[in-house]
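These are the structures in question, set out in turn.
Both complexes below contain subunit A, partnered by subunit B and then by subunit C.
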Partner chain A sequence: MLRAALREVSTALKEGQVSPTELCQRCLSLIKATKCLNAYITVTEDTALRQAEESEKRYRRGQSLGDLDGIPVAVKDNFSTTGIETTCASNMLKGYIPPYNATVVQKLLDQGAVLIGKTNLDEFAMGSGSTDGIFGPVRNPWSYSKQYREKCGQNSHLENEDSSWLITGGSSGGSAAAVSSFTCFAALGSDTGGSTRNPAAHCGVVGLKPTYGLVSRHGLIPLVNSMDVPGILTRCVDDAATVLGVLAGHDPKDSTTVQDPFNPFKLPSVIDVGKLCIGIPKEYHIPGLSSETLKVWSKAADLFENAGARVIEVSLPHTCYSIVCYHVLCAAEVASNMARFDGLEYGHRSNMDKSTESMYAATRREGFNDVVRGRILSGNYFLLKQNYEKYFIKAQKVRRLIANDFVNVFSSGVDVLLTPTTLRDAVPYVEFIKEDNRTRSAQDDIFTQAANMSGLPAASIPTALSEKGLPIGLQFVGRAFQELQLLTVAKWFEKQAKFPILQLQEMLDHADALSHQKISLSS
Partner chain B sequence: MWALRGCRCLRAAWSWGGSRLARGATGGRQIDQNPEWQLEEQKPLPQKKVTMELLDHLERLALVDFRNWEGVERLEKAIQFADQLHEVNTEGIEPMDSVLENRCLYLRGDNITEGNCTKELLQNASQTAEEYFEAPPGNIPLPKLEERESFLQDSN
Partner chain C sequence: MAAPVSGGGRLCRLAWRRRAGALHSGAQPAALGREPGKVAAAQSGVAPWRAVVGLEVHAQISSNSKIFSGSQVQFTAPPNSLVSFFDASLPGTLPVLNRRCVEAAVMTGLALSCSINKKSLFDRKHYFYADLPAGYQITQQRLPIAVNGNLSYTLCVGAKQSQMVTKNVRIKQIQLEQDSGKSLHNDARSQTFIDLNRAGVGLMEVVMEPDMCCGEEAAAAVRELQLILQTLGSSQAIMAEGQLRVDANVSVHHPGESYGVRTEVKNINSLRFLARAVDYEIQRQIEELENGGTILNETRAFDYKLGCTIPMRDKEGKQDYRFMPEPNLPPLILYDAKSLPANIDDQQVVNIDWIQERLPDLPSVKRVRLVEQYGILPEHSFTLLVLEELWKGEGKTPLQIVKEKRLELIQNQRELDQICQAVMEGHQEEVMEIKAGNKKVLNKLIGLVQRATQRRADPILVKQILEKKLSQ
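Here is the complex of A and B:
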């Protein structure tokens, strides 16, 4: 049941085959069993059970609110949730309890979804590994999968393998791990440079970044106002479309959401890609791309061509500058957005009280980690009067060039672009931390970041397993506000790819064994 | 005053190969098996001089400290990385603030729809008095570098 798609579970709930409370309980026990993944910062057990009970009452009365009623979902910990601690994995907001729900959270709750917990992330969503938060790194569930362990010839003594676990990617790693390990059916992430698609690819789940302006950012603690978008993580494309249907649409509380009416859609079950034109951007074939990912990408292109689609090579000439441009714009906007954390109205406050300035400085020294501080300082450097034109304005001009590249490609008849999502499959944590956060982000965001620059919708779809038995995802980039077309193509591809289900039984058995051990030791 | 230690940074210098599309055995069009780009070792870039004054200035503006030499190095690397932008020709290009620049931002009517939440808002503050946020005395500039708790003073 926990592996089923949203629609199936929803039907099962309506028909009474399972009750929302049972479903909730199962997810909660699974969360306990997979605690070592460190996917959750806060597990909202009481609230979730209460919401599940309410949902059960509605089902009994035959008045379910929709497809999401009674479905456990998780939310990344940079979305505000009333009465539930929202930390952004930072000391600055530890203990902060928002007095309001983010619009997207409210929309989920209005549909009867059961909020099962807040998931782990990189501090303030800055990072590409979900390794830099104060609650520790998130482990990729595939580290414990049968598929990976068989390929790597490891025995089942999980304690010995404690040092070789893999990262989830980031920064929405907790959400991706939560969905991947079946502890919830959908999760919210945020996507500024690829933060939803990157962990989706590493954890073998679907990661959708909607068009900028389609989904409300009210309540999402901002990183880069001109690029942030709430992201959706699910186990299949249909589910992503269902969740998008609930979340999208104009929000009077977020003036950057477009006022066009949004009609939730259901993806067709019979899809013909024969009339499509798929673009393969040649600049995305860079030296760091692993040969496996390249193979998977090529095979996917062939798949479309054999189905009758027109597959052509296209050019996005400014691709190589997108990371640099992002680096400058991100740092500049971060410097501005992080200025709100001064300890006065909320969050951590230092004991220094000689003056407001020194209190602010001390609070920020204590509250932020190196990554955040680094970006704030670089951002301030780029925004200095003598540098403003040279760096910030220049980056904005380069941004227009990058966005125009996409406009040109899409207006030449291309419907959807097909690219890799990441350079390679997930790496072990001990390897990942050898390079610093900025270098890693520059490497890992290379394929995903341009879609944020141009505001276009993009989705990462799990495609195949690597030689190590780990997920490789491919990315589809669509035209602005054409999520229906994007997800239709993605759904067709998902059916062809037949990505295997994560086999976690060994881990669950081990977790069971550990807990029995504890019981027998204490008795 | 001190100058930055020179640091070489590997930068991918994009050199174009010809574009070739190889036809696979099945007749399908494959992605070109050779990368378009070559990674070339870059000559060390001219040393950027980041002065103590600038670092102090940044610490004041940001109200965040560098903490240690690593922090300063991070900034140096960030600047060198960003310098790659200057290679791009942006003659005649307008800066882009937002991807939605061709649309009108939504402005709602000036009507009060919510409020009266003083209690909730004050709950999150650690020091309040009646209905005020309490702050230490203002209009006192941050102490000079020598008197501040900043690692930069050790380098003077």
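Here is the complex of A and C:
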């Protein structure tokens, strides 16, 4: 049951094959069993069980609210949740309990979803590994998979693998790991430069970044207001479409959401890609790309061609400037967005009380990690009067050029772009931390952040396993507000790729042995 | 002593002199007795100074809720009782523009003959202060909602303050922005109390070009703006309640030379203090420069107890506000009858022409009408206009008031002639003095006629009649 798709579970709930409370309890047990993944910052056991009971009452009355009623979901810990601690994995907000729900959270709850916990992330969503939060790094569930351990010749006990576990990617690593390890059916992430798609690719799940302006950001603690979107992580494309149907639409509380009405859609079951034109951006074929990922990418292109689609090489000429441009704009907005954290109204407040200024300075030094402080400093530098023109304005202009690259390609007959999501499969944590956060981000965001610069929808779809037995994902980028087309193509591809299910049983057996509780993934 | 010259027109030709003796605290700037036609008496070796005054007026918008959030706007309320999540800068909250605030700014812009920008933009102005929860203020720096207007105001001039002169000040722009909260310092206990009730209240900042030359002009201009705002209803503009606050930019220079370094005197909250602060600052700068010193481009506060301006310690050095576009607010688009799209929900748009059609009569228009239609003295029209609001409640029209108070001008030439004759006959000594060449005494006779007519005589006409009689 835990591996089933949303619609199947929903049917099972309606037919009484399983009850919401049973489902909830199984997920909670599984969370306990997979604790070493460190995917969750807060597990909302009591409220989840209460919500599950409410859902159960509704099902008994035959009044389910929809496909998400009774379904355990997880939410990244940078979404505001009423009465539930929201930390952004930072000392600055440790203990902060918001008085309101983010719009997307409220929408899930209004549909009867069961909020099972808040997931781990890089501090304030700054990072590409989910390694730089105050609660420690998130471990990729595939580190403990049969597939990985067989390929790497690991036969010893789990304890010995403690040093070789893999990162999830980031910054929504907790959400990706939670979905990947079956502890929930869907999770909210956020995506500013790839933070939903990157961990989705590394954890073998579907990661959808909707068009900017389609989904409300009210309650999403911002990183870069002009690029952030709530992201959706699920185990299959159909589920992503279901969740999107609940979340999308104008929010009067968010002035950057479009006014046009949104019609939730169901993806067709029979898909013909013969009339499509798939674009392969040549600038994405870079030296750092692993040969494995390149092979997978080529194979995918062939797949489309063999099915009758037109597959052509296209050019996004300003690709090489986008990382630098992104870093300037990101830092500038971060410096601005973080200005509110002064310890006065909420969050951490330093004991330093010699003066307001010294209290501010101490609070911010104590509350933020190096990554956050570094971006604030550079951002403020770029916004200085004497620098504004040559950094910020210049970056805005380059951003326009990058966005125009996509407009040109899509208006020349291309329907969807096909690119890698990441340079390679997930690396071990000990290797990842050899480089600093900024360097890693610059490398890892390379295929994903152009979609944030241009506001376009994009999805990472698990495609194949690498030689190490680890997931490789490919990315589809679509036209603005054309999520239906994007996900239809993605669904067809998902069917062809037949990505294997994560085999976690050994890990769970081990956990059983510790806790004397039998956890089974088989229905 | 300040030597006066003034006239109409935009450029103020008022020349200043350093006051005899050093500036001392408690000193009030001398009343500027200005007489038309008098030229500055040159004192040995000291060149005249000209002062240049510009103003930034912050007017709180009269609306039910704040400019970017739904919390209430109210002057007196328990501290921190009118604070929404957005006002408190809780993470994840977003601004939503209040339509009424936009309309207020458009109304005000139209009343001040501004061009209304059909597209305007919002920006963040960053600085750290305890009463600014987000660490930035949302304002309009790049492209404000209205630009290039002008404001006419009137001054009473002449020895008896009975002559009216119309002046003009150019309006550079009007921008929408947030008000900050309030901080109260208890220095004895090293405590600061923050009240965020005011944080996020909508403001219109009206920027007046440096077309004024002294405290009186500044106060008169602000007074007229206040009346306009109150007539429109876009702001109640009560200075005592902090709904209208003025920052004055003051500099001095010698005529013919370029403008001097300016200082900013911040947060003046009464018209009287405005005039005093500006005049004090002008004198201070003149003294400083004549003593061989320099003027710092600094921010100062007005100490109303001491009657002087003092530097504001925590605003030393030029602040870099790191302006950045506000990413959570799309450009503000306004429409007029021509550009209004079809099939649009008119709750979703602001139509400039619609607002223009519904503008009430402005104070200047009403005054002209009172003088022309009811024949009262111009200076009475000012008083009447202000009182009109008071009397409205009792159901009296201005005409009834004029008749009741016997305010109408004596139009009958014969009647005036008789009164002048009577005054002359009653003051033979004065008549002799005038005929002997002492023209100043004529003013005394005019004053006596005014008294006899209970100030219902046009002084210019009276002077003409008397002069004619005296020359006979």
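The working rule: the second predicted complex is superposed on the first by the 514 of 523 C-alpha atoms of A that agree within 3 Å, B and C clash if a C-alpha of one lies under 4 Å from a C-alpha of the other, contacts with A are read in each partner's own complex, and residues count from 1 in each chain.
Assume contacts are C-beta pairs under 8 Å (C-beta built on N, C-alpha and C of every residue); 3 or more make two chains touch, one makes a residue touch a chain.
For clarity, every value in this text was computed on a predicted model and none was experimentally measured.
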| item | value |
| --- | --- |
| Partner chain in contact with A:Lys385 - subunit B first, subunit C second, else both or neither | second |
| Dominant contact partner of subunit A by residue count, subunit C or subunit B | B |
| Subunit B versus subunit C as contact partner of A:Gln505, first or second or both or neither | neither |
| Partner chain in contact with A:Ser226 - subunit B first, subunit C second, else both or neither | both |
| Which superposed partner A:Phe368 touches (first subunit B, second subunit C, both, neither) | first |
| Which superposed partner A:Arg340 touches (first subunit B, second subunit C, both, neither) | second |
| First (subunit B), second (subunit C), both or neither touched by A:His218 | second |
| Contacts of A:Ser29 with subunit B and subunit C, given as first, second, both or neither | neither |
| Which superposed partner A:Ser80 touches (first subunit B, second subunit C, both, neither) | second |
| First, second, both or neither for A:Cys320, with subunit B first and subunit C second | first |
| On subunit A, positions contacted by subunit B and by subunit C | 96, 98-99, 226, 252, 255-256, 335, 342, 344-346, 353, 356-357, 360, 380, 384 |
| Touching residues on subunit A, where the partner in the complex is subunit C | 79-80, 86, 88, 93, 96, 98-100, 102, 217-222, 224-226, 252-256, 332-333, 335-336, 338-342, 344-346, 353, 356-357, 360, 380, 383-385, 388, 392 |
| In the complex, subunit C residues that touch subunit A | 85, 88-97, 124, 126, 128, 130, 133-136, 190, 192, 194, 320, 322-324, 327-330 |
| Subunit A-facing residues of subunit B, complex | 12, 14, 19, 21, 24, 26, 28-33, 35-39, 54, 57-59, 61-67, 70-71, 74-75, 77-79, 81-82, 84-88, 90, 93-100, 103, 105-108, 117, 120-121, 123-127, 133, 135-138, 140-143 |
| In the complex, subunit A residues that touch subunit B | 96-99, 212-213, 226, 250, 252, 255-259, 280, 282-283, 285-287, 289, 294, 297-298, 301-302, 305-306, 311, 313, 318, 320-321, 324-325, 327-328, 331, 335, 342-347, 349, 352-361, 364-365, 368, 370, 373-374, 376-382, 384, 390-391, 393-401, 403, 436, 438, 442, 454-455, 480 |
